[in-house]
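In the two complexes below, chain A is the common chain; its partner is chain B in one and chain C in the other.
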Partner chain A sequence: MSDLTINAPREKDVARAGKFVFWAGIALLVLWVLVPIWFLFVNALSSPAEVTSFPKRFWPSFDLASLQFFWNFQGVTAALWNSVKVAALTMILSIGMGAPAGYALSRFDFPGKEFFRVLVIMTRAFPLPLLALPLAVMFIRTGLDDTILGLALVHTMLALPFAVLITFSLFSGIPVELEEAAWTLGCNRLQAVIKVVLPLALPGIMASAVFAFVISWNEVFAAAVLTIENRTLTAFLLQSLNVSPLPLKFAGGAALVMPALIFIFAVRKYLFAMWGIANR
Partner chain B sequence: MPRALPYLLLLPASLFLLVFFFYPFGLVVVESLTRGGEWTTENFTRMTAHWKFSQAFWNTVWLAAIVVPVQLIMALTMASVVQKLKTGRSGLLYIFAIPLGISDLAAGLIWLAIFEQSGFLNSILHGLGVIDRPQLFLGYQSLWVIFLAVCLAEIWRATAIMMVIIVAGMGLIPKEYNEAAEVFGASRWQRFTKVTLPLLRPSLQTALILRILMAFEVFAVVVALGGTTLPVLMGETFQWQFQLQDRGIAAAYAMVILGLSVAFSLVVLRLLHVPKGARI
Partner chain C sequence: MAEIVIKNVAKRFGAFTALHSVDLTIADQEFMVLLGASGCGKTTLLRIIAGLETPSQGEVWIGGRRVDHLPPRERGIAMVFQNYAVFPHLTVFENIAFGLRMAKLPQAEVERRVKRTAELMHIEQLLKRYSGELSGGQRQRVAVARALAMEPDVILMDEPLSNLDALLRLEMRAELKGVLAESKTTTIYVTHDQVEAMSLADRISVMNGGYIVQADRPTEVYRNPAARFVGSFIGNPPMNFLPAQAQGAGRWQVAGLDFDGPAAGAAEFAIRPEDLHPAEAGLRAEVRVVEPLGPHVLVTAQVAGQPFRAVLESDHQISPGEILTLAPIPDRIRWFDPETQKAIA
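Up next is the complex of A and B:
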């Protein structure tokens, strides 16, 4: 213990230096995340002439010409609307099928339960966007090609494993005793779920629904493969990349990023809880 | 009826997995191994004979080999920093998690704003007096710059998902372990390598598998930054499916990506194996 006291002043310096490095590190990491997004918004909020000029200013001129140009560009509003429709449908489908499965996994012990769980986890070990290739053929046969529903089905495949695992963890966190109390008070199983479990699980379910929305909103490969006329915003931007002028690209990029920022903010409380349980 | 209930609840999700996961994957396998209705390996020989194949393959593998370790270290750093913080934790977590909601296409566009000829990197270099004329960074003469830009964009975009999984995993480790190690005189670094990291193995598994898969699927970032100048596996799949209208070879590419994904998932599972009794 004695050498500890001798070294005390030096350790104080070390601690101070350590603290400085710690906070400098945090500042650097924050800048690393935020500055690139800042640059995109500077471009999106400047006039097209400023976007292509050199050297650039690091502050937007709040000129809406770029965004206007983007908004009025042939096919943009339709693509935006398609993106919203596909994402909303994905959200409904993945929660609609995922939540019952999550509930079953959390409340019942039955043969085949572990098999189903492993199956769902296993799907994540496959590059799911590739599914779009064979499905393109299948969809042409069934008339689902180039439709909102067809693409939403593929996006649901991407979002469903998450929906199952997240709702599983949500329902596991709600004590069975509450449901049992409702049964003794005369509720049947379904009523107990609707009146007791759902209100408690609702915020979490909303969060995983938002997560499904974001997965679909951001997906590029399947959207580009499966849609021709009814392109989503990502597919539209990707396929016009080599012909569209820079202001259009950056305004489009900003339009893609903006909703995602809001959504992640809305579900930030659940992000970590979601992944904690999905690990096991 | 009560015994059938869990199966009924699982039915929609299971049917969906069957139709949109197992069936299409079967189709891809068949498609890659047939040509004109006959069983053959011609798709694979044609694919490998094409001059772009080995480039695309090695670009993808090198990209993953560089990006994933860097991200692992960054994600662990971010997670440890956040763990130590007392105030401002949730704010910092939100900032670190922002790229999670940003699509790969948008990330590509964000880094395009930095690397394009009238972009911010040129402006900064010009402001510092390093260059007097804007440089062309993303031309085909300087493939390595495109490669570097893709690496940066990928690191920027997809570190968040690893960070979130690792933070969630760290939250599951009981504090007592670290406190015990501290009592026995372990330094901060020792505690990290001897206590936290081994207990984090399940989370590291999930994070690495998910991330390595995403690395092999890299597509929109590359297209946004380099068009088709820098071939990658997913980009070639898209080209064969769309521009060259040869589904057999596209399917062969899909099999290569699938093979890589499964192989590396198995390696990660093996390396970070946690014996049943050693879980927390």
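Up next is the complex of A and C:
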């Protein structure tokens, strides 16, 4: 009895302290992500004069002069459009190749399967700077240099391992019996995949497509090395970083972050579903 | 007409042999149950008939057509899976209609068949729901309806009731029997549950270690096991076995008692627990455990140092430590060859 009376308040204190640490941790993580984004937007949405002045504002003045300046800056719109094209192509290529590979890995036993899985990851083991020079030489020889397709191919190489591994676990989560049931009901292998497997895997495939898009969108090194005329936005901003004024950097940063954020926000349900679609 | 003939079918997975050269003929409209413990090859055999597994050797014929090289969709079969395999992204209606749409039936016919099978399985009020909104029993009904809607020659069922709770299983069992008898299809039904097998089957194929040990009517399988394994697997509690010493001229001594038995060779004495009754003369059984089961009482005893069970009328007052003399019903005694494990006629 006496033990209880002594322990009860202490346990309460411990629980309270634990709760405090828990919420403090959450607050810290949220701030960690939000503060830089917030400053980016505050500065992007303020007038150039406010951006360069000190102290910084906490609320943006909603002056669009910085963005306007950025938008009208020579080559920005072309670079933005290039980024979209490269990222979209990367998305299509990496899912187009990655999803079938993921399906094969999850459904078939073939010799060298484990080796193949390691090989997929191995493509990420070589640092891009190491590959960039031979790639650039090869691209110039084949005429792929400074093209959307050439850069998309490099980005696909970067995104493919994720596409393969995400779709592999996705397809593995869909019971084989569903496919077998479709076969007994009149489907061939391809029809069963299209009618049964794909609808169930779609959320995850969407998520991994978005992931591929964002990888390409954010990639700067290969883009800077392999393109000259057809720069993507990241390469363009990197190139003009030293010479451009502060408002342009902020506006450019916001323009880079925005699509990625919006895209991921739009498919967040599917991203969560990626872990939620159990064996049903 | 869909007679199924399985000729010399074997299946090897690497060094492991799941099926050893199986021969089996299933008559048109027959209800055949493949019964055995897990790993006996029953599901492998079913999947070979379905076309989901390729046999390492042998032939499968359905309705006079050799099908072992055909994909599942060209075999005229429908299958019900253990975990139901109801498509989660489709409504119950679309699940049942799935095969009909693949067969490109006109919409009116699709609707007619879905409606009819849904009524048959009592799920007409669930047609708009998704599988996530159904209970296990309802999913089971959808899976059966989906198979029936195809109006197949053959329905294959892989432990369809094993994921249901006991009460529901009893209910579905009776319903399945009625529905399948009416549909006039040939049915192959895999289960490890002997009660299910007994109650549903026209014939039972008892499987063990990749062999079909016996394929016969349920009462035959129960009364006249073709092998020691069948006697020890079927029946709850299973058959009792006792060693027997040959006395010559077809006389055998079992636990100190003389019986008429096989003419020659070696033999093992076997009797079902319910084919015993207390009598003046009989096997001397030392009672260990007494379990009242309502109408009967299950007595676990020792006879000649061997475990021995008897199911007796519950009006006998029996207590542990007691010595019973149990007389076997003479025409229920069976003999097995201890060498081959086969029954001696």
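Assorted remarks:
Assume the second predicted complex is superposed on the first by the 252 of 280 C-alpha atoms of A that agree within 3 Å, B and C clash if a C-alpha of one lies under 4 Å from a C-alpha of the other, contacts with A are read in each partner's own complex, and residues count from 1 in each chain.
To be clear about the criterion, a residue touches a chain if its C-beta (ideal position, glycine included) is under 8 Å from a C-beta of that chain, and two chains touch if they have at least 3 such contacts.
Everything numeric in this text was worked out from a predicted model, so none of it was measured.
Three-chain overlay on chain A, with chain B and chain C fitting side by side and no clash. Looking at the shared chain after the overlay, A:Ala78 reaches neither chain B nor chain C.
In the superposed model, A:Met206 makes contact with neither chain B nor chain C. Using the contact criterion defined above for the overlaid structures, shared-chain residue A:Val257 touches chain B, although it does not reach chain C. With both structures placed on the common chain, the touch criterion links A:Val196 to chain C but leaves chain B unconnected.
When both complexes are overlaid on chain A, the residue A:Ala65 reaches neither chain B nor chain C.
Residue by residue along chain A, chain B and chain C are tallied for touches, and B comes out ahead.
Of the two partner chains placed by superposition, only chain B is touched by A:Glu219; chain C is not. Shared-chain residue A:Trp183: touches chain C; no touch with chain B. By the document's definition of touching, neither partner reaches A:Ala88: not chain B, not chain C. Figure legend note: chain B and chain C, brought together by superposition on chain A, show a least Cα distance of 11 Å.
Looking at chain A, you'll find residues 280 touch chain B in one structure and chain C in the other. Remark: chain C residues 50-52, 71-73, 77-79, 81-83, 85, 87-89, 98-99, 102-103, 131-132, 146, 150, 156 touch chain A in the complex. Taken in their complex, chain B has these residues touching chain A: 3, 5-7, 9-10, 12-14, 16-17, 20-21, 23-25, 27-28, 31, 74, 77-78, 81, 84, 90, 92-106, 109-114, 116-120, 122-123, 126-127, 134, 156, 164-165, 167-169, 171-172, 202-203, 205-206, 209-210, 213, 216-217, 219-220, 223-224, 227, 234, 237-238, 241-242, 247, 250-251, 254, 257-258, 261-262, 265, 279.
Of all residues in chain A, only 175, 177-178, 180-188, 191, 195-196, 199-200, 280 touch chain C in the complex they form. Residue ranges on chain A touching chain B, taken from their complex, read 22, 25-26, 29-30, 32-34, 36-37, 39-40, 42-43, 51-56, 58, 96-98, 100-101, 103-105, 107-108, 110, 112-113, 116, 119-120, 123-127, 129-131, 133-138, 153-154, 156-157, 160, 164, 189, 214, 217-221, 224-225, 234, 237-238, 241-242, 246, 249-250, 252-253, 256-257, 260-261, 263-265, 268-269, 271-276, 278-280.
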